[in-house]
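There are two complexes below, and they share chain A, which is joined by chain B in the first and by chain C in the second.
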Partner chain A sequence: METAFFSHLPNHSLPDTAAAYKGSKIHPAVIQAGIMMSSGEIRGANARTMATMLAFQQVIEEYQCPEQTVLWKDLPNHLSPMIAWLEDCRPKGVGGGNAIRWLKGEINRLGEVDMGTDIEQKRHLVGAIDDYLTQKIEFADQIIISHAQEKIKAGDTIVTYARSSIIEKVLLQAWRRMKEVDSSAEFRVIVVDSRPLNEGRSTLYTLTNAGIPCTYTLLPLASSVLPNANLVLVGASALHSDGSLYSRAGTAVISMLAKEYRVPVVACVETYKFGERVSLDSVASNEIGEPEQLLQIPGGKPFQGDFPATLTPLNLMYDLTPANLITTLCTELGFIPPSSVPTVLGKTAPVV
Partner chain B sequence: MAYSNLLKPDEPGTLLVEKVCTRLRRRQIVGSHNIALETAQLIYAIVRVVKFSTLDELLALLKLIGRRLNEANPKELASGNIVRRILRLFREEYRAAAATQITQPSTPLSGPETPGLHAPSSHYLSQDLSMTTTPPRTQNHSPNLGGTSTLPVPSRAPSLSNFVAFRHSRAQLERSGSTLSELTQAAASIENEEFMRQSAKLKPIFIQAIEEVIGELETTHDDVAKGAREHIHSAEVIMTLGHSKTVETFIKHAYRDRKFTVIVVESAPSYLGHTMAKSLSASNIPTILIPDSSVHALMPRVTKVVLGAHSILANGGLFALSGTLSACLAAKAFSKPVVVTTGQFKFAPVWNLYHEHGAVDFQSPGNVLGYEGDGSAGGITGVTTNAPYYEYIRPELINLFVTNEGDHSPSYIYRIIKEAYDEEDVEL
Partner chain C sequence: MSVATARPPIAGAGSSTSVHHRAGPSRKTGPPAGFEVLSVYQAALAADLPAPIAAIMTLVSLMEASSSTTMTGLASEVNAGTEILQDNQANLGVRAGCQLWERFFASSGGGPEDFATVKKSLINQGKQFCHVTAPACREKIATLAADFLVDGCTVLTHGFSRTVILTLLKAHKQSKRFNVYITEGRPSGMGMRTHNVLTKAGIPCVVVLDSAVSYVMDRCSMVLVGAEAVVESGGIVSYIGTYQLALVARAMQKPFYALAESYKFLRHYPLSQTDIPRPKHTGIPLLFTHDILRTPSKPDSAMDEAKSRVSKDVRVEMTEGMEEQNPLVDVTAPELIDFIFTDLGAPLSPTSVSQYLVAQFAS
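What follows is the complex of A and B.
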């Protein structure tokens, strides 16, 4: 279907690793990160941003500035094919984009402020990357966890969708704290999941290992669990400046069901995932997963032999949850309404 | 089990009922259409073998069977609907027969016979009920519907015409301003009298009525699809969910006249959408197969949502395959029309009192969580799952019901149900 409404979306394909190695322009650490992101071994905005930045850290450490130029002018050129490679492997997303933009800004600042020798400048950049990751992700997560766990009370039923690293941490921390206060107190978690990735299985595994009582169900069956739920917790890949949440496909569905049953939806997002971009619907910009995964269903493959020419499997990776379906955002700045995203963006735009 | 005196516990008829009940309980018969057909065929078999002397006796037995079927699987409302429908038809037949008797006071003896329409000498009509015809009905021989020709069709006397003919003539009477009420009143007045004792003689007509119901069921999908082209314009993007035979026929029917694209939601954990997508694409209909998670994402591109139903309730709400609610809510959010295609046998005279769990009919958790060893949950213990087959959709989310007998809005369903079943059968 060449003229289909989704034909503009890039098809997911494995990157050409051999060419990348041969070209010698791309650092092996970056190649490795790219492959892992492409294959899905590294999944989730936080994990991907960290992998990208740590790879670049290594690149910077090993970088030698040529004689006739200065570091702040040459390093961006050195990095740009690597950034392009990563983009090839998987679109970097708003969070990753923000981090790379910050890194470029940081390199540029070396031209304005004298940091000393090349080695000192490199050391400064490496340290700055560490600080960025710590502040924007690790500390931010800790603050988000401390805010979000306030919303979980004993006897509650919490619904979560697919897998989000921050939601897992929130639930584990809330459980630990609840047990410290009163060992008989507990809450339940309902993990709602969807094919083809079934990422919720991993959440389920983590939570049950911690002893949290869990219910597992699939997205189409979620309407049976929501009437008894107290809170829906979702993570995000990005937050657009109109307050809409760009997250794993199905988040919009669970939020919509939650609204139907009047269950509050709290999205836990670090502010580095806030983006200037606005997109009016989920199809305008999205990623397409492997159609093979969609066609492979438990208990067999219905399409054997000739694949019908008129059939197109479409496996969207993300969807856009409109701001009106989100009750509140839980960020490192506290609980804010989705409408405050531009305010936060305005405040943090000159990234320090 | 306490059966009426018509069916003793060890009779073949009783065993037949038990067999169907068992299969219902074990979910060996699933799907409203299959259950409706099985029910009609069961009643057909029972009515054929059972010996009854009064109509009330027969109706009581059918009600009992209806109750048994309903108890066997309370979520399969179609069985009760079919029983109610047949009860209604039997009463109508009975009244029609009674009415003709009134209009021909010379009963029960032989009146002037219509030439060429002699009943065989061995036939019950030749014995004591050979009534003559009322003119509008003589011409009405209903076609043998839906391939039931292997069943023995009783040679009917024209006077005791079938249900369609009766309805037809009644309509004619009404149109011509004739006094139908006089007829029915007269019919009522002779109930419990002489005529009542002759109910057994109506058996062939009753059987004919059931055949008609079976025929109707067999052609339901095509009847629903008849108006498909009126609802779908070219270049539409239709979204559907899972695999509903009615929707499949509807879409394929529409595709003969219009060219459009269908988005099929795969619908976990049954993955019936894959079957649907396979069937549609095999008919060269451009089909896009999507996971359940993309319902909201793709809704802006959809022009209409066409859904099947499990059963439709008196308030216009319905029970449908799990996942339907998401599609309906998304459609509402983006103001897309939601069309439910259904046969009228799914219309049940019940109200959903327990919105959250009213539709609950749980399926195996294995479908959801998988079994250990398939790389899924890795044998995690202590996890519960929730896997209902159906969920409840409130009437406000539906724009139109396309049925085998016309298109109706949800607010009108109660009226159709009122007309389709007798008040006294609502509680079987």
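What follows is the complex of A and C.
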């Protein structure tokens, strides 16, 4: 498994839960969130960010500031082993990183602005976390959904890849809206999926339950369904400042094919997932999934034993879609071209 | 609509019927009684104002006619006026103008001044914008763009654009010698009007068929077009045929320049040619020339000859159904545009335009 080329990437391994409990430095809620993220029970950038922040909310609620220090100085120290532990379970990603950075800033601010007693300060932080999640994820999603659904017209064929919580919501809402206006109007969804996670099945389940006509196919056949598509909708794990999209492995292939067939690609992404990093390829930063997943043939015997010396299974979880393959980003600020990500990040002053 | 520029909810704005019958019983949801939004708009257009400015002018006049005594009341009247304009006018510039006024309106108020003062200052600033700022925009663009015309060059332009004409006139005044090819610009055939203006000024120009674009492109050194609206992608929505012109220009490696005033910036991101907002009531017939034999660019003798050749039982005109299928504008992708000249300063690449737009709308 170990090749020098990918050795810098975080390897997927189950965290040492017993040690975490024994060390008593990590709150049980954080341990639980970590395990669920590690096992894949909590998947997706939004779900993981929410789980992390809600766990921290519980930590803060139960936190008692020691006598000899003040809350804004001690709380970050209290949190940092937990942040490290979560990072061990699963790299937190750009969105999660932004949220944690925000939380640290918010704690720091307590040193500058007088918020009253410890209890009041804690209450303030708990409330602020609630606000952050509502503003940056829930409300943002609602606005994104209302924007994105405008692009879905009756008779369209929409292609989506794997699973994204927001894309599911966009499609469901668009369907509901379309049916309200004209009960005979329809659109069709082609869910393109891929091994080893097959997350698209979950999307397929949600959409077919809502009565949306769906087609399910795997990535190798994407080139035969894309020529008939009107729109490609993808979600995102993160968005780099050069406008490139970091998303589930396979998204780049779909986007390349879409460009080839001149189908617009709309990436739905909340701005809290915008990161300042620039990445040139999918190798510089990525995550390695369990190699066994790749070698496990569906329906076959569970894979056991060691890999032959000449075999290097590589199960990268994400890939990078260059900005020029993405038609537009649907964010809570409206539709923006990928080239405008730095403007949103506030890093570049507007040109005029 | 973003969070920042979200329209304030208006009672009853959802029901388009009450908005449309403006003389209807529920006065609250319509513009001021006796104020005919569309005829005021048409009058402004007739005074040779560009569509976005005509739209703003209409809304300013609406505010003058309003008898509302609260900001909310005034806002809902303005919104009703905006809806009437947008539901009836195909020109995307109207939307751009309305959006601009809406943002301007939203940013006012909230101060300590009383309603009458705020309203008065809004009206004054609106008028100032329409009569002073807006005409200056076009002047600025023309000055900028005229520098790009060099002695001995050949310009290809599409149909009729006031800004393009002003640019050409300006360059002519600078004693630059250049030729102009003007496309006919069907269905309106406004290229002939451009031809008239330029010929009167003494600029050598020729009108060519819309279908002859690739034929003449080789001889041109640049393409100069106006725009109805500039969209968030950095592309332009412009008179039908512009996209085609841009494609041919790209294929033949000629620079393609668009001229657009910043009040034409529109908050919309088209994903395809069909993804442009359309008015609810498309009462505007597409004026394709019904009789193909009445081609304005052909001399009379040729026309008579052609007429005699066409047999009576062959249908030679478009059916109404066909006309409905034909668009008045198309979307030119940002990749095909070299520069957009605006009143914001140096010529902008389409990417910069969209960055500017995002910065404007996101704040």
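Convention: the second predicted complex is superposed on the first by the 334 of 352 C-alpha atoms of A that agree within 3 Å, B and C clash if a C-alpha of one lies under 4 Å from a C-alpha of the other, contacts with A are read in each partner's own complex, and residues count from 1 in each chain.
As a working rule, a contact is a pair of C-beta atoms (placed from the backbone, for glycine too) under 8 Å apart; a residue touches a chain by one contact, two chains touch by 3 or more.
All of these numbers come straight from a predicted model, not from anything done at the bench.
On the superposed chain A, the two partners chain B and chain C both fit, without a clash.
When the two structures are aligned on the shared chain, A:Y205 is found in touch with chain B, with no touch to chain C. When the two complexes are overlaid on their common chain A, residue A:I336 makes contact with chain C while staying clear of chain B.
In the superposition on chain A, A:C214 contacts chain B only, with no contact to chain C.
In the superposition on chain A, A:F303 makes contact with chain B only, not with chain C. Once the two structures are overlaid, the count of chain A residues touched is higher for B than for its counterpart among chain B and chain C.
Once the two complexes are laid over each other on the shared chain, residue contacts for A:Q142 go to neither chain B nor chain C. In the superposition on chain A, A:T327 contacts chain C only, with no contact to chain B. By the touch criterion defined above, A:V283 lies against chain B but remains apart from chain C after alignment on the C-alpha atoms of chain A.
Of the two partner chains placed by superposition, only chain B is touched by A:G250; chain C is not. When the two complexes are overlaid on their common chain A, residue A:S39 makes contact with neither chain B nor chain C.
This overlay, made by fitting chain A, leaves chain B and chain C with a least C-alpha separation of 18 Å. On chain A, the surface touched by chain B in one complex and the surface touched by chain C in the other have no residue in common. For chain A in complex with chain B, the touching residues are 1, 4-5, 190, 194-196, 198, 201, 204-205, 208, 213-225, 227-228, 248-250, 252-253, 256-257, 260, 281-283, 286, 294-295, 297-299, 302-303, 308-316, 318-322. Those residues of chain A lying in contact with chain C across their complex are 139, 143, 151, 230-231, 264, 266, 327-328, 332-337, 339-340, 342-344, 348, 350-352.
Looking at the complex, you find that chain B touches chain A at residues 237, 261, 266-269, 271, 274-275, 277-278, 280-282, 284-298, 300-301, 321-323, 325-326, 329-330, 333, 356-357, 360, 367-370, 374, 376-378, 380-388, 391. Per the touch definition, chain C reaches chain A in the complex via residues 1-3, 232-234, 267, 269, 271-272, 275, 334, 344-345, 348, 351-352, 354-356, 358-362.
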